[in-house]
Every structure is written in structure tokens, then in C-alpha cells.
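Lettered A, B, C, D, E and F in written order, each chain numbered from 1.
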Amino acid sequence: MVLTPLEKASILVEALPYIRKFSGQTVVIKYGGRAMISDELERGVITDCILLKLVGIHPVIVHGGGKAIDEMLERLGMKTGFVHGQRITDEKTMEVVEMVLAGKVNKEIVTLINQLGGKGIGLCGKDAGLITARKKTIPAPPGEEPVDLGCVGEVERINPEIIETVKDEGYIPVIAPIGVGDDGRSYNINADYVAGAVAAALKANKLVLLTDVEGIFADRNDPGSLLSVIRVDEVPDLIARGIIAGGMIPKVECCVHALENGVGRTHIIDGRILHSILLEVFTDEGVGTMVVKE
Amino acid sequence: MVLTPLEKASILVEALPYIRKFSGQTVVIKYGGRAMISDELERGVITDCILLKLVGIHPVIVHGGGKAIDEMLERLGMKTGFVHGQRITDEKTMEVVEMVLAGKVNKEIVTLINQLGGKGIGLCGKDAGLITARKKTIPAPPGEEPVDLGCVGEVERINPEIIETVKDEGYIPVIAPIGVGDDGRSYNINADYVAGAVAAALKANKLVLLTDVEGIFADRNDPGSLLSVIRVDEVPDLIARGIIAGGMIPKVECCVHALENGVGRTHIIDGRILHSILLEVFTDEGVGTMVVKE
Amino acid sequence: MVLTPLEKASILVEALPYIRKFSGQTVVIKYGGRAMISDELERGVITDCILLKLVGIHPVIVHGGGKAIDEMLERLGMKTGFVHGQRITDEKTMEVVEMVLAGKVNKEIVTLINQLGGKGIGLCGKDAGLITARKKTIPAPPGEEPVDLGCVGEVERINPEIIETVKDEGYIPVIAPIGVGDDGRSYNINADYVAGAVAAALKANKLVLLTDVEGIFADRNDPGSLLSVIRVDEVPDLIARGIIAGGMIPKVECCVHALENGVGRTHIIDGRILHSILLEVFTDEGVGTMVVKE
Amino acid sequence: MVLTPLEKASILVEALPYIRKFSGQTVVIKYGGRAMISDELERGVITDCILLKLVGIHPVIVHGGGKAIDEMLERLGMKTGFVHGQRITDEKTMEVVEMVLAGKVNKEIVTLINQLGGKGIGLCGKDAGLITARKKTIPAPPGEEPVDLGCVGEVERINPEIIETVKDEGYIPVIAPIGVGDDGRSYNINADYVAGAVAAALKANKLVLLTDVEGIFADRNDPGSLLSVIRVDEVPDLIARGIIAGGMIPKVECCVHALENGVGRTHIIDGRILHSILLEVFTDEGVGTMVVKE
Amino acid sequence: MVLTPLEKASILVEALPYIRKFSGQTVVIKYGGRAMISDELERGVITDCILLKLVGIHPVIVHGGGKAIDEMLERLGMKTGFVHGQRITDEKTMEVVEMVLAGKVNKEIVTLINQLGGKGIGLCGKDAGLITARKKTIPAPPGEEPVDLGCVGEVERINPEIIETVKDEGYIPVIAPIGVGDDGRSYNINADYVAGAVAAALKANKLVLLTDVEGIFADRNDPGSLLSVIRVDEVPDLIARGIIAGGMIPKVECCVHALENGVGRTHIIDGRILHSILLEVFTDEGVGTMVVKE
Amino acid sequence: MVLTPLEKASILVEALPYIRKFSGQTVVIKYGGRAMISDELERGVITDCILLKLVGIHPVIVHGGGKAIDEMLERLGMKTGFVHGQRITDEKTMEVVEMVLAGKVNKEIVTLINQLGGKGIGLCGKDAGLITARKKTIPAPPGEEPVDLGCVGEVERINPEIIETVKDEGYIPVIAPIGVGDDGRSYNINADYVAGAVAAALKANKLVLLTDVEGIFADRNDPGSLLSVIRVDEVPDLIARGIIAGGMIPKVECCVHALENGVGRTHIIDGRILHSILLEVFTDEGVGTMVVKE
């Protein structure tokens, strides 16, 4: 498709009300899944974030990195098990998880931001006391042994001071989901939860979770049944009816938690679509499913 | 033409390097001609300026208003003559010129900025001592009587303090080309010259003159011969050869003067094209003719 | 009268407590009537304002301009009617009113401020969204047809941001009483009301209305019966008894409204006296009638 | 003399250009002689300083205190000798000098400033390392024994930091002319010299020395021969001719030194005239003799 | 004792948690008694204050000076009586008290601070309206004549503005306990009370009273019975039982008053111990008796 | 050794002049060798840095990590060769080097800072474009094949902006010596060189290189021949005479380079001594060898 210059200009003009609306606001983006693996999608996400920054919107990136961890563990000949979708993480494994997330994945994202013209800065939860974590305990189901997930943690508290500092100086903070206990031990935390907690601590205006699905469907078999908006008070019923199910449940819970702690709007969007963040922010239709308070 | 959301996003992404390049810079825009008469073009110009402001570029508008002046003079039954394209402006006429420019045209532009979501503020050269003017004298050609143009003035000096103050507070300054003599008398000044002088005083990065032509052509009869770049040192020869001629001469002189006083680049563009300012700023090709120092 | 230097110095010293008392405060001055017509009185008012500014008091001027409007309408051969002291203002008339107020009277005041050594900046209600207006509706008296005053408006809200910005940078803001509706239409508003509303929005310390009378008299026929202070709670009775009557009623209402919205003191003073503003601010006796809350 | 309010206002208006001219400037005033002894003159000096401060001019007071020192020494039964107009100051005497100047005279001036509505702060050269002094040595005239003046000092260097700090916070600094040697010893310094050195360190715009004479006369016996302006390059000749003589010589030297170190203008005025400081600053004629560079 | 460098470093490291804990806090120190008389102790106190300042803690010194006053009064042949431990201070005596405290003792402390590398500034209650005082009245015991203490005063109010100003600019304020009445009269105030009132006005974190005793003992005859902590609610009982008695009563009252007005902790410590302030701030055991709210 | 509180206080007092001298200054510390391996030494280094920060000195840490890299490479079964003391680093190896330095060692140091009460933030050269690197080329000795060291780099330029930002907000920056090429490739850079380049870019007052030797000896066999100061102009001769030799040569070159680029003083000290940084900064003797410009 070839556009005339005028057609291009019109598109820019269309974005005007969105730029005005979100100017000065903070958007926390959970970056993971397919969008981290495809080079094209990755450049798309980073470009979107730089564009947001340039027009006065502050993106904060929280990333995952399961695939890179798997590869490194395999090269090291280390095996890990999963329970309820969470990696059983002993201390040796944790060491690798942390190195890969904070030393490799995080820095690659930062480098790409810098190469594409932004100013990225990589942080993990240990930097500036950003994320204090505690061991995650999973209650044993009746009749089963409780499972010890090892160094899997959950967020105890967020100290957003360093994010505020660098955000206001023009940087895009990129956060690896590693927490540190009051005892100095490292914990691996689900990146969705970290994103939600960071958004809550920053009183962000938006939380955007990039996923590998299009959103939540009223009828899984009907591609036309995408729910574009869900209210917090509808969530319990949607879970009960199996419409929100599986891996989508923690993501929605994460949105609900963020909304209850001062975040404006939350979005579960399809990271497999190029520039899905821009589409979400700069078009009326949005993409994926928005979870809102009311 | 219907664009998919992705196509729209791509356009935004294309603008990224330009936004980055011009962020924080000042662009002085001479707004006049057809673009002031057509409602659609007027909204285009104002929308472009608001968009620039939102992405961190500071537009400063200097406007003309010949047509509105003519209408009011006609309603008042006052006749005016023109010499060398300049209105002979006696004191009575000047009173009307000033009222129309500073009290009507200027405030209409400001109102439109505010309605479209920007923060406009109208100024004339009297406000905050912005433009000090002196009477323009035109040497009589040999064998002719010298012509007294009355209250036609030229810029003596610019005090850009008020522009800096309001620009940094998020306002778009809109300037009517009225100057005031050290004796308190009002002078009507050519808006191109005011734009050039304001750009020089602000050390603006760009001066953009909106005109009713496409630019400067090497061969007036060949639409394909548009000169997209002219160097300052080529100007004398181009005038000598008649390629720069008529009303284009003062515009080019205005660009040359601005360039010699610290302005980065100057552009003579076609205000009859919708969103021509955005096209100039946000595309590689630009529009019209650019005059540069080297 | 020839004063010795010492006598002059003593006068300066007498002003000391007043300067100290009002330092840093804001005084909104409705400037109109005879004081706008006499050159000497005009220079007096402007000089007073510049002096206030220099000693650290912030004057904000709101001006009228009925006489200049009448002259221009007459030159244009346009007739206007008045109802209850308010000009019936159709759209054509409004166009002239606006040009004269914002493009002529306003800029003349600004120019005089600058010539006398201050830093004036002219604004109308359209600049920076200063005055949002709505159409003024006048309930029809029983048995009469309601009168449509056309573009006569009343203040809907004041956005004092631009005044604060320029005031703190050393400028004296001069405001033409033109408002703009949410629909972009212009409205002509009574300058007293604008002054009152601006004073309220700024939480000004003083509102001073310059009039062509000495103040309010207990007995119209007794020049010695000037009421130097009126309390807000006395106003209804004074109106009932006809002591506040005619054109004085809206002025007093304006004072009452300002006092109820945070303005410290309000004054109705005689603009026909040279330097009446200085006399009001810098002497114990004051001049005219002060309306206070308690 | 009874002035009408209008006449009073006119006087204020006359001061306008002087206020404007000196706004933001610093004036160092040597306060001593008769003006310290008469209650009326003292209140005059302090009132003048407060008025200057209120209209945006920064007075800095350096005071003497010979009379109060004499009284206290007498009460203590201590005798002191004088050589060339300078008190021979042994350590015991110095202790008294310092207590009287820094603990009594200084604090009385400060208290009066505060009572009259200003914000005074008393400093001596020891505070914040303001004045570093060295012992003053007087070369013995041929055939005479050199005289040891004891703790009489001269200025080694001024650290104006504390004056800048308090001046900008609205305080009037009041300085006792006590210096401190690098060895911690106290020195009594001539207040004229301290005033000159402080003015030089502050790059003050004016240095005003209050004296008990009207100024410098071309002919001592002709009251009409007051020299209102003396240029620095005329001084040697005026001294040679005996026109500048006696105690006036060090005062003029002090002015010359200040002028050579960046002070704008220096004035030797008659402190016996009420409000002589105001008269000097706020009238064209000035009072006394001005010493200027050119 | 000869320490290895490593041992020295260890000491510094031990201080770390205290520096961290008190960083940015304000400590008001009543400086008097033996610590003012011994050169070694005096250097100790001043060195401690400079060290506190350097590590980010803000000391404010309030000093006494009874001994220096006695000496000067004796040299002047003036006798004074004492009632209930307070000097009967007639006007002549007050003049001497003020000169000695504000002009001698205060400036000596400041000079020592500057010599030891700090930046001291001397203030008395007259400077910048710091201490407003009123005459202290002592109710006559039954059957006795009331005693007029003359110029003995008590604190009416503290204006801490000047302390805040200079404190934040790196200065150590040194305060002589002289107050000024609304009538401009000087009052001599107990330095403990001034310290307490200044601490309260500054919402200081610590008030430290240097005394000539080790602290408060449960049993006066048992050196091992030092009470290291007293709660405010225990004070009445301790006074009733005679454990807090004599000159200690006003000191404890002073602490109680400070605690009730926002001061964090108060300490009565032994000024006869070298570096007792450092020991109090930088060791866990502290020295002397701490009075706390709960 | 048991010290009395007074002895402890005396040590603190001894540090006073050093704290004063270095307050506000920046000290870049190359942290490596034995001091990174021993837990006790590590806590010593970190404690020293926190203490410096608390007393107003800004430490910036650049760390190595060879031992941790070796361990991880061994666990991964990867072998590396060394040439001239530099690791031959292919891309696979570089990936591990980066993860270990930026993801493990760096974050451990940060965590320790936070646990001991400071505010650490970990950075590598990729963050905020801190270190731009280029491939290091080693000229082949005559008759030898040039050796390709792979991803071994040298500093091209430092962008110290992020260090300035976080340093002024109270953080201790901890830098992993990873650089990024303009092509986005990672480079492993010698930590000494990074420390030197960072010190130069910051115009640091001190560069401190922690080593595993006591310093430079005039006679390697004479422990008493430690050279405590070396001037830059002596270096070539000392190298020629073999006094500076082996691994010490690049360290000294690093110091020379830093001194030539604006660093005040440089120190090569023995990291095996507990609290050697404090000893260097806070004692007159210092430790190790200082290299100075003159």
C-alpha cells in the first residue's frame, strides 16, 4: 500500500486526541511471550515504547524470559519441573534464572531501546531496593503433599523511587522480575504480578499485559465473541462460568488487583500483533480485552 | 481509503525519527494566504501546530490578514492604494488595520486553537514590547517622486521575552504583525518579515512561510522543475536570472536574513495543501522549497 | 506648590506602611468611564499601576470601552439600541465591539504602560481560555416580551492560569471583557462583572472599580454624607431604601459577589480624581466607598 | 504644611523613575556620626532603609559607634589615646569595643529595624567569616617613633556569602566593623573602610557614606561652592590643593577604592539631614558630593 | 593509646548506623557550664558540632554565659543579687548582660567554629525577630513580698525563619539567650528555656542540655543508680520523691515542654566529659539521662 | 582491644578534616581481586562506600568478576584461553561473561549495599548508553600472528549522564565493565580501564584501584621500599627500570590516563587490607601508592 503524504499526515492528526489524553501519564507494560521471540515483534514493542515516550507518555517495561532461561538451563544440563505453571526453582536454578533475566534478557532490551533512539535503563528488583519479595507458599490441595517451589516469590512491596527518578529524566525503565527478600535471598516472581504491583505503586494510568491470545472470548469457539470490556464485578461470575480460565485467571486477577490499588485501566492484549501497544493507546477500538473498575 | 489499525500504527512509527529530531525545537510559522481563508485548511494548520506542541516541538504563529482588512475597509467605505505590493496606510487606515489584525483575526486563530484542544495566546507587537518598529522608507526610483507609505513599518527590534515565557508554559503564541514606534505610533509590518525577525530573535530551528504557490521552479512552465533546496549563495544568481521573481523575492530575502541570524532552516511551502506543515516536518521529502545556509 | 526635598521624602515615608501591608498582593482594577477619556487621567491610572507593580503589588486591569465602540459603530453607520443599560449586540455589532475592545482600546492601554516604563500585556477572554461565557438571559417582566440582547454574555468561568504566569514574570495584564462560549462564539460582557470574576478567580486582595461618581451617599443631596464603608449585610436594606440605586446596583452586587468568593476588600472609587488608585491604596482615608464582608 | 492627598500621590509618582532605576540593586550605607545619636535621625535612617528594601532595593548597613564605646570605657574607668584620629586599642580595650559594637550598638539598630517593620539581622566580621582582618601598621614619620595602635586592623578580605544569603531572603544586614585575624584575634576597623570593602565585595551599585558635613566645598568659606560631583582622576589634585582635607581624605580614598573595585557610584552625604538617604536615591539633585569613576 | 589505622577505620564504621539514622535531622544544644570554661571542653563541643554538620546533622547552639557576665559586672563595679537562682537584672545590668552575651561570648563561639573549619553565625533573639520575650513574673509565696527580677524574661514566641535559612546554607547558628519585648526592651532569658523553645519551634529531633552533672540518679549517693531513661509521665512522681530536685527541675521541665511540642528526644548530659555530644549521638549507650515521651 | 567511648569519639574527630576536605567530591573505585572473594573484605569495601556516601562523598564502583566467570564457564564446560592476561572471548563466552557480570556479580554487590543500609543501583555499559566500546586490536609482535581476542573491547566513550542522575539522588552506582558497540555487540572490557574512563568522564576527584598487592616497591625484595607517591613524569623511567612491571603497567597507565583527563588523584591500594578505602581517604599516610600529576 502506498500512501500519499497527505494520507500519512491525516493518520498523525487522528492520533492527536490520544496523545493529548495520555500526555504525562504512565503506562506499565508486561512484555513477554511471542513478542519477545520474534525480532519483528520485539522491534515493534520497543518502537512503540519509544514513540510513547517521545509524545510525553511514560512507558515502564516489565519483562519475562522463560524461553531464554530454558535454553541456558539446558546448556547447563539442569532440569526443572513445573507445578501449576510455575517453575520449581532451587537455589542453583535461581542463580541461572537471575543471570539470564537481569544479565542477558534485560540488557538486550535496553540495548535495543538505545539502538532505536530511546534511552533505556535496566533494573532488577534488587536495584535501589525496587522489589522486596517473600517466598510464595502454595496451600496443598486436600489429600496432596504441599509443594515447595523453592525460590519462587511474590511481591512484598515495591519502592518505586528509582523508577520515578529515571522516568522523569527521559529514561525508559526496563525491569527484570527478580525480587530480594529481607534476608538478601533472590526470588523469581511472575512478571505479570510484578507489572501489576509496579503499576499500583506508581499509580499508573494504564497496565498493559502482552499475551499470546487475542483476549477473552465469551465463546471460545466463536472468534466474533471477543469481550472488549470486562468490569471488575463481573470477574467472579466469568471465572465461575469458565469464560476466564487457565492461564488467563492470574492475568485477570493481576488486573483486578491493580485496579483496586489506583491504576486507571488495565488491558490484556495480543502481543502477536505488530504495534499492538500503539493500537491500544492510539485508537478508539483498542485491541484485546480491557478490564475496568466500573 | 480504509486503513487497517496496523497500517495506521505504521504511519505513527514512521514519524518517530522526526519527532525525536525536532523535539524541544522552535518552529516559527508565517500563516497567511489561502490557508487563512479556507476553513478546512485553517483547521489543518491549527491542528498541525497543536500536534507539534504535543510532541514537544514549539510552534510560534505569525499571521497576516489582508482579506479581512479589505472587507472591513470596504464596509467603512475607506479606499486604499497599493505601491509595490504594499498598502498605503494613513492613520485612519492604520487604526482599522490594527483592530482587524489584533482584535479580530488574531483572536479567531486563538479561539480555534483553544477549541481544538491547544492553549493559544494572542499577541501583537505592542504586547510586552514585542515588536519595536520604525517607518519604512522607500527610496524613490530615478525621475519619480518618493512615495510615502504612511504607517507601513519595518522591524527595528524584537523583544522575545514574552514568547519565551508563554512558550515554556505550554502556550502557542499567535502574533499579529503590528509594531510600535519608540513614539508610541502603530506600524503595519509585512508578516513574512515579522516571522523572519521573530525566528531570528528566538534562534528558531525552523522558519516556515506558508504561501499560495508550490515553491520555486527552475522553469516556471515545467511543474517538474521544483527546486527543493536553494543555498543562500545561489540566491543572487537566481534573482538575476528571474527564477526568483516578484512576490517571491521578499520571501526569499526574509529566509536569507533569518539564516544569517541564527535560524537553522527556512522553508517556503504551499499552504494550499492540507497539513503541509506536518508534511514538511514529518517527512523526508518535505514540501516546497527549502532555503539553507550551506 | 514647591516642596523641599525633605517634604518629598516625608511623603515617601508615609507610604511605607501601605507598601509593606500590600506587598505581594493582587489588586484587580476595573478601568473605565471618564478616566479612559481624559489623557491626564489615563496617564494617572497607568502610572499608579506601574508604581504599584514596582513596589511589589500586582495590578490586573480590566477595561471597558463604550465610547470607542460608539465612535466606530457610528463610522460604520451601524445603530445599536440599549435595554436596561446594556447594548443590544447582534453578530455584526459584536464583531465591531470585539475589534475595538481587543484590537484598539486594549492595545492602546498596553502601549501606554510600556511607554511609561512598565511591561504590559493585552489579553481578551479568548486568550488562553481566560473567560468562558454564556449568553445572558434577561427574564421578561410580567406582561412584556422578553428581550434578546444578542451577544451579551455573562461569565461562566475564569481560567486565571495565564494571568498568574505573566503576573509573576513582571507583566501587568490588561484584559478586554470579551468572553468565548463553549461553541466558540464571542460574547460582550460588562467589564465590572469581569473584574469581579477575575478578582474572585485570583483570590485577589482588592477589587477597585473606577467610576464617574464620588461613591455612595447616604443623602444624594448632601455631599458630606459619603458612606466610606458599607458592610455586605447592609446592602439589601440600602437598595430597598434607594440609597444604592441605578447603575450603582450592579457595581455593588459585583463587589458582594467578589467578597463572597474570597476577595479581601472591594472599593468603588472616583476615577475622575487624578491618582485615585494610589490615594485608595496609600492613604488611610481612602477615597470613595469601600464594601467589606464584615 | 498640609498636603492634599493628590499632592501626596504626586510625590509618590515622582519617585517612580528612581524606584525603577534602582530596583534589585544593592546600596551599602556607612551609618555613623550625628545620625546615630539623634533619635529622630536614627529613625529616619532606618525608615529610609526599610523603604528601600520594600521597593526592591537592597540596603546593607555598616555602622560605627565611637560615642557608645567612649561611654562604656568611661564607665569602666579605662582611658584610651588617639593617634591620627585612630583609637589606640589594647586587648582590654578591644574587648570592650567589640562588646559595645557587636553586642549593643549593632543589636539596637537591628531591634529598631524590626520595630519599624523591617527584618534586620546583626552581623559582625566574625560571623560566617565575613571580615578577615590584619593588624594595621602605620609607617613612622621621619624622626618619630612608630606607633603601635594595638588591635586596630584593616580589611584583608571580605567573604560576602552570608550577606548574599540573608539579603535575598528579605533581611537587611547590619554589620559591626569588627574583623578577625587568621589567628582568631579581633580587630577594630574603621567603619568607612569596612563599608567600602563590603561594597566592593558585593559589587554594590552604590556606596553611601553618612557624614556630619554637607559634602566637599570648592571654597570652605562659600556655602554655595559645594562640589556635587568629583571624578576619580580629579582627586589627587583636590587633595594637593587642600580642598579635600583632614577626615575627608580617608572617606574619599574609600570611595576611590570602591569605584576601582566595581562599585557603581559613591556618595558622601550629610547624615544630619533627615531622610538624606532617600533624598540621595530618589531625587535628581541628590545631596552631598558624589564621587564617580568618569 | 596507639591505634592501628585499621582500628581507626573500625571506629568510623561503627558510627555508620548513627550517621544514617540522624542524617538530615536537627539537634538543638544548650551549651553552658563547665564546658564553656575549659578550653579543651570548649574545643570538644565545637568540634562535635562541626562533625555533626559535616555528616549531615544540623546542630543549633544556644549558649549561656553567666561567668563572663559576672566578670564584666565586677570590672564595672556593679553588684547583682540572685533570687531562686535567677539574677535580678535592672536596666543597667541588662545592658551589660546583653553586651557580654551577644557581643563577646556569642562571637567567641562563632570565631572558634570558623577557626576549626565550620561556618558559624551568631544570633541573639533580636536578630530577625528570633525571640520575642515578656517579663517573667514570679508569684509571691504566701506572706512574702513579690520579687521584681527586672529584665528577666521568658519566651513569648520564637520565629525560627532565620535559623532555617542559615541552617540550610551550611551554617551552624549560635544563639545568645536575649529576647526582645514587643516594646523593644531587652530581656535576659534562661538559656535552657531558650534551647527548649527553639527546639520546639524547629520541631528538632533532639534537644541536648549540657550540664555539670552526670545525669539524674535514683539514689544521689549511689553512682551506679544513674537513670538513663525517664518517661514524661514519671516526672511528677520523681519530683515528688525528690529524685529530680533543685536546678534539675527546670531542666527536666524544659525537656517535658519540648517533648510536648514536637521534639523527638531530649537529653540531659554531662558537659564535663570530652566529646559528650558525639558520645550521645554516636553510641548506643548514650550518656546522661534521656527524657522521652513514651 | 576495648576502647572507651571517649577514645572512640576521638577517632571520629580525627576524621573531621578529611570529611571536610572531600565533601561533595566523587571517588571512582575499581573493585576486584581478593576483596571480592572474601566475605569480610567485601563487607568492608561496601561499608566503606556507604560511609563515604553518608558523609557527603560520592563513591562510584566499577567491579570485575573473573573468578565468578571462570566458575560459570566451568559449569558450562566451556574453556577459554588467555593472551597477555586477557581472556579470548568468543561470542558464546561473551554471553556468559555478560550474564555473570551484569546479572550476578553486579546484583550481588547492589544487594549487599542495600542490606547494609545504602542505596545501590546496578548498571552495565548498556544501560542508558553508559559505555560505548570498540573491538580491541592488539598489534602482532614482529614475526607473530596477530591474535583475535574476540569480544574483548576498549572504551570508545562514556556517557556519564545516568551516573550523575542517580549519584545526586543518593544512590551508589555499581558498574559492570560491559560495553556496547555502535553495532549493538557486547564487549568485555578490563575493569581498571573502565574505572579510569568513568573517572575521567565524571572529572572525579579520586580514582582508587583495589589490587592484591601493597603498592609499587622501589625494590621488590625490600618491604620497606614502598613508593607512596609517583609523579606522572617519573612513570616512563620506572617502567624502563622494571620497577613498574607486569600487571602493574596497565594499572599505572590507567592512572596516568585518568590524571591527564581531569581526575585529581589516583591510588593503587591493597584491597586485602580491611577498610583500605577508608584508610586511604581518612588518614594522612594513606595506603599503597598514589600516582599524581605533579
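The rule we apply is simple: a residue touches a chain if its C-beta (ideal position, glycine included) is under 8 Å from a C-beta of that chain, and two chains touch if they have at least 3 such contacts.
Predicted model only: the values in this text are computed from it and were never measured.
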Pair from E-F, C-D or D-E with over half of its contact pairs in common with B-C: D-E
Copies chain D and chain C - interface residue numbers shared by over half, same or different: same
CA centroid of chain B to CA centroid of chain E, Å: 70
For chain D paired with chain F, centre-to-centre distance based on mean C-alpha positions, whole Å: 57
Mean-CA-position distance for chain B and chain A (Å): 47
Circular arrangement of chains, read from chain B onward through chain C: B, C, D, E, F, A
Residues of chain E touching chain F in the complex: 1, 3, 5-17, 19-20, 23, 47-48, 50-51, 54-56, 117, 273-275, 278-279, 282-283, 285, 287
Chain E to chain D touching residues, read off their complex: 72, 75-76, 95, 98-104, 106-107, 110-112, 114-115, 119-124, 126-129, 162, 165-166, 169, 171, 178, 180, 184, 186
